[in-house]
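Two complexes are shown next, each including chain A; its partner changes from chain B in the first to chain C in the second.
Our next item is the complex of A and B:
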């Protein structure tokens, strides 16, 4: 998140990262430190506009003196910390976490997963053909967005965006327990009967494509979704006076999706139904 | 926040019990769910909706919470259900045959047939066990232990058929030299007068004289270590909490006791409930807590009634409330919270979420409970047995206390003996007693059988072999031997026990009890269970050696990268069976 902090200048903390000495501002996470020196760490449940959920465990690193590995996305740096991102243990952990995820869920629309998997040699199929999965039919119960929970990795981001971190609608929650845990409305009632206000903020943060805009979903289904042909233009929403930034994704002279820049100090990536979905009229020609 | 509720109304009975919560908040969600479940046996849409209206909770969140607990059902079921234990000690004592008969006669386990498979019910000394819940204007519970298929069928069909009241067995009752168990089975657990006549509340008086820092010094010098499994020094925990300037501070007594094979806390709460209340009061005084929560697992109805009675009587006589025992300015009270069937809620941060009315998922540490615990405030969490050691320390003095046990593990310790053992039950011995001596105390394996293995510390513990019986039971010796005392489980397997099924059950336990928050545990425990089924059933993916390799790799990621102790230890017992008991060889040969 690039909210500019206007507090006192921060003290710098020195730590050792893969053998190199690094100085980052106090309060930074290990992930921040990695990013600062250009080291890329896989993340899935981390969200630049959300509090860390600590759930996916794909970002684990080794910290000297710690019995277990630690999540780099949330663990704050401490003076003198010795961090290893590419040890035997971290590589094993990353590989297994990806294999476990891939064995239970459809990661075909999760960005970067293929690279990460091949980098560590992950093979999700080695748990056998009978490994239990979360695969299930797609839920389409409203005209605006599609829920394909066979792709859901239970990262908690949609729930956090819908709940007290952003939207305050609380339309969805984690239900059940263990492998049976799932994202659900109360008693799995259809979205139109739930508290959902169709802000689409859950879709914005979903890292896997489990949640997608109906338009994007349909175009992907019929094979006409083509990001290489899309341009992005950021403008200001005209529906009300708040002044939200809108990024229009345009393909073949047609708006196919609307997002909002995460670094916008007005929206932090969030919108309401009007900004997010109220563009159909523009192209009713 | 405006709530959008479903368009469904509660029944009259549901409305009446939920309306009692009018004006209360989110932290009453679990009690409200219990109230409905006690009244009608399940949570309907109308009832949940009404709870949300009264407590002002978004329905999706309340649904998320209700569906977290296995004692609640969100689909209709009969008022009476019998929970039949299929866990470790019961499995060794015929639970499988019992369930086979129930399946034949009542149909497969489920809401329709009126019986359900249950994890350990905490009465392993009387295995196999079952517990019947019957909803109604007055909810009823009945413990059946030891039980048999005929009895479960009769209870499921009609009324009770049992005259005993489910009282705990206590092989050592009345033996001289007992400290923690001295009143258990001897003194009337309902009588505050009897409690006081046997030294009750002298320790609190001493504590009030010593002052909070004096109590902390005694407990620290006594080197009291937590008995809940993690063996953290209690004095340090209290001190760290007491020093926090933020107020209020809270105390949570962890009576969730759900580690398979553990039943010592139940014995203490049923046999000496006033001691638990007095101990909590002392802890509250020392750490500056104004309120204590006693988080009791939902499957302990007898302990619930006895503790409620003890709290009420203590309040009447000013052992709880304002200016306790005339000590100006010391106020403390206790609220009991019933769990609802979730082992994970015994984890020290999951317990906070559960009490606050959220899903019982562990929180990420840091921050630690002593800084930000229950309701975000500094909190002491202690196990029942840990707390009950405190009056012993204060009355005997910390020096005398440290002379019990060894220098690294001071004091008396409770062990829960179950499985293939002649006199199962809770035993109090000083730390340092050898495993062999403890087994002897319990009569060893039944006549004519041979010892095969002992599971130490519970499902999260590890196995030891018959040639390791000279192991002194101390924290340091267990650690040095690469095992753990955990919560004091000593589950004995003889040569008739089916080790393979036992291991599969351990794997199933972790899979069932994972909260589902983090990937290594949520999916890893499933892969572990699948691989154990293959290994034990000799139906390998390609070779058993490959399944073993898979198990080790999954075990490693669970240990390294899970959020909490559940996932981190989910592989311990299986690993020790493979390597220490040699099951790896057996399975691949």
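Our next item is the complex of A and C:
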């Protein structure tokens, strides 16, 4: 007979979060603790279905006794920990990180970034126009995906989703070093010649819109993308018997985008090409 | 030999149906809803009056909701008065349902996706899950990346096989010899789970005798799998803490599909790899609701919740609830209905969302049979090839995004389907259309929402009683069985087999000493190549839906063969060739695939409007489940004469 490892019941750990005492299960991160008490921390490279990459530094918080600030998305809570998420040091760090990112990257399609900037008084333009990276042309080399690396903050989430954490296709990775580091297919080939299978799981996790669906990109280009008019309804895919959850983003009675709920035990936010793109037939009216 | 030549042609994507159609003087013309519904009902009434209720057949839809399937079988049984209801599960996994139900009493996969991740050995048999069930395969890869061993049994080296620790390349149609040899090796090596076999099974002695001839060398000769690999798989499976055995259509789409399934179930009984967390048997279902269609009773021998239609106590319960008069006898399955059409015993059919003209093996034969009928009603979102043959065509709403209801997936999880789009003007909800026809036939059906229908089903099917819409919402779906609203059952089935108390243990699981039976379509000098069929990642079945989006991966239909065969035939990649079987002839371009071996060729069935592969497949069907042998046709390949000028 097998012995199934079900794990031991988790103890609760008590810590102090911005002066308040909080109890969370051991193994939780500081970010988890913040979420549990309804405190919102800006994050970009953090993915709820991915292992922390610790790349963007937007979620840094102050831990008493720690020489440096710590990334809240990966640092696990410890008993007696004293965490400050709104201290001057934290605010200053967040402001500078956002200014650096914002000066070198097009954050125009990054959700919430404007709120975060104004909350900490970040001004990305203060480094002057010279700080801007050269605009990279948007890559449209296939009918389903658009890659706009001018918006890429090198958070690695797409690489992790395509790689061994979910899709295991390994179509993209980081190429180059230092300032030249960028996300690329093998030998920078166009997507149709790469190992890409168009599951869209990289787009699902992209925090800035550097990766987007062609339909969304086209509608943004012609000014007809309007999230205020969109509804989101979760239903089930019909292309096999696995039962993947699809969230249909509908605008003017047309499906304009498909995502998948990250908390679904079937998909964990992942889909295949058919679930992600196989919906046009219902609206060939 | 009837020879049909299909020519390649460019096709446009289908456009939604928004206007009912009726056939007058041989031609389909637009009609009002009232006229079309009257015509549909009148045709059913006429045929039933003339020939009795068994002249009627219902092709229910494995892609529509549970609620629709429940109503379709209720319509068939309570309004018409026959048990002739079935769906396209017949073309794929009916043998899985038949085999599992025979041994364990219920026809569902026994484990959950999470258990796949926690297994330490996974066998995928006749399954290209990487392409056909990509998100299931992500769960497999989670296990593989944690250290689980993956064995893939397949005649082709597929993208799934490339992830395997061991690939067992067997000859098409030799699954039973391979399974028997694995069993014999387990027994001979003393690795039988004796305590499980003694307590929970019966028929072991007879089984031992049946597998005795299949020694490793004999099996190697028949299956082509090296003895050492068979031995390794046998020992690994028997010794695994948690062994998972999953299969797809490579097992079921044979003339003896149910026997194939039973031969795999035997292995789980022998080793006790079933009824425990992490150990189990899982057919990977091909349609979103092919599990649910069967669960809802849209099959000829079971009422909702797998309740036996031949049990008078069961029919009495349903008759009391429906005010009906169901006969306690099995109806015809889809295959038998098609045969009955040919004999003239079945004269009218109500086809909901199915495309048998293109999905059945030997499709020209299917067209002839449907053309025999007095009255064909097709309810669909498109004017499919099947709808083009109908007398009445009723435009339906798309179940998965234009209606409210539920689907049931491969892990028996019932999940909510929600209306996200308003159907196009003129298309109507499946259940509403069916109710309109029922009312015209004198049934007192009132309008019911998806939830109303579901609650009625819950009151009649103990498997589903505890699954209210509210609970499904809260819990992100619930796996059956779920008899109570205040609790959940374990994520795996058949834990009872491990009980100490014989009463709780219940019916023992029976070993099946099934015989080997090679493919019906024999390889001869005239037809020397074995053709097998399957799916590709970006396409789906007859392509009616998947052709609606542009895929960078799509290369169209090809005849895939290995480089050695291409060299012998003198053909190159992309060259058009003539493909002939005992039933028909088609043309397709060649694609070279290193994953194939000499004598074995592969095609999909995704592009029937361009190249209709089912013109050449064989309609030899499994006598138990009625599934056709799509996986093994004998063909010849001829180089086309070089065009001059």
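The rule is simple: the second predicted complex is superposed on the first by the 275 of 285 C-alpha atoms of A that agree within 3 Å, B and C clash if a C-alpha of one lies under 4 Å from a C-alpha of the other, contacts with A are read in each partner's own complex, and residues count from 1 in each chain.
By definition in this document, a residue touches a chain if its C-beta (ideal position, glycine included) is under 8 Å from a C-beta of that chain, and two chains touch if they have at least 3 such contacts.
Being a predicted model, the structure only gives us computed values, none of them experimental.
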Contacts of A:231 with chain B and chain C, given as first, second, both or neither: second
Once the shared chain is lined up, is A:263 touching chain B (first), chain C (second), both, or neither of them? second
So, does A:36 touch the first partner chain B, the second partner chain C, both, or neither? neither
Going by the contact rule set out at the top, does A:168 touch chain B (first), chain C (second), both, or neither? both
Regarding the shared-chain residue A:272, is it in contact with chain B (first), chain C (second), both, or neither? second
A:255 in the overlay: touching chain B, chain C, both, or neither? Say first, second, both or neither. second
Kindly classify A:282 by the partners it touches after superposition: chain B alone (first), chain C alone (second), both, or neither? second
Tell me the contact category for A:153 with respect to chain B and chain C: first, second, both or neither. first
Just checking: does A:82 make contact with chain B only, chain C only, both, or neither of them? Give me first, second, both or neither. neither
Set intersection of chain A contacts, chain C complex versus chain B complex: 168
Contact residues on chain A for chain B in the complex? 52, 54-58, 60, 68-69, 71, 74, 89, 92-93, 96-97, 100-101, 103-104, 126-128, 130-132, 153-154, 163, 168, 170-181, 184-187, 189, 193-195
Complex contact set, residues of chain C against chain A: 13-16, 18, 63, 113-114, 118, 132-136, 138, 141, 145, 163, 241-242, 276-279, 284-291, 381-382, 398-402, 407-411, 413, 415-422, 424, 476-477, 537-540, 544-553
Going by the contact rule at the top, pick out the chain A residues touching chain C in the complex. 1-4, 142-144, 164, 166-168, 191-192, 197-199, 231, 233-245, 248, 250, 253-255, 263-268, 270-275, 277-285
Counting only contacts in the complex, chain B reaches chain A at residues 1, 3-4, 6-7, 45, 48, 58-64, 67-68, 70, 74, 342, 359, 364, 511-520, 522-527, 530, 541, 550, 553-554, 556-557, 559-563, 568
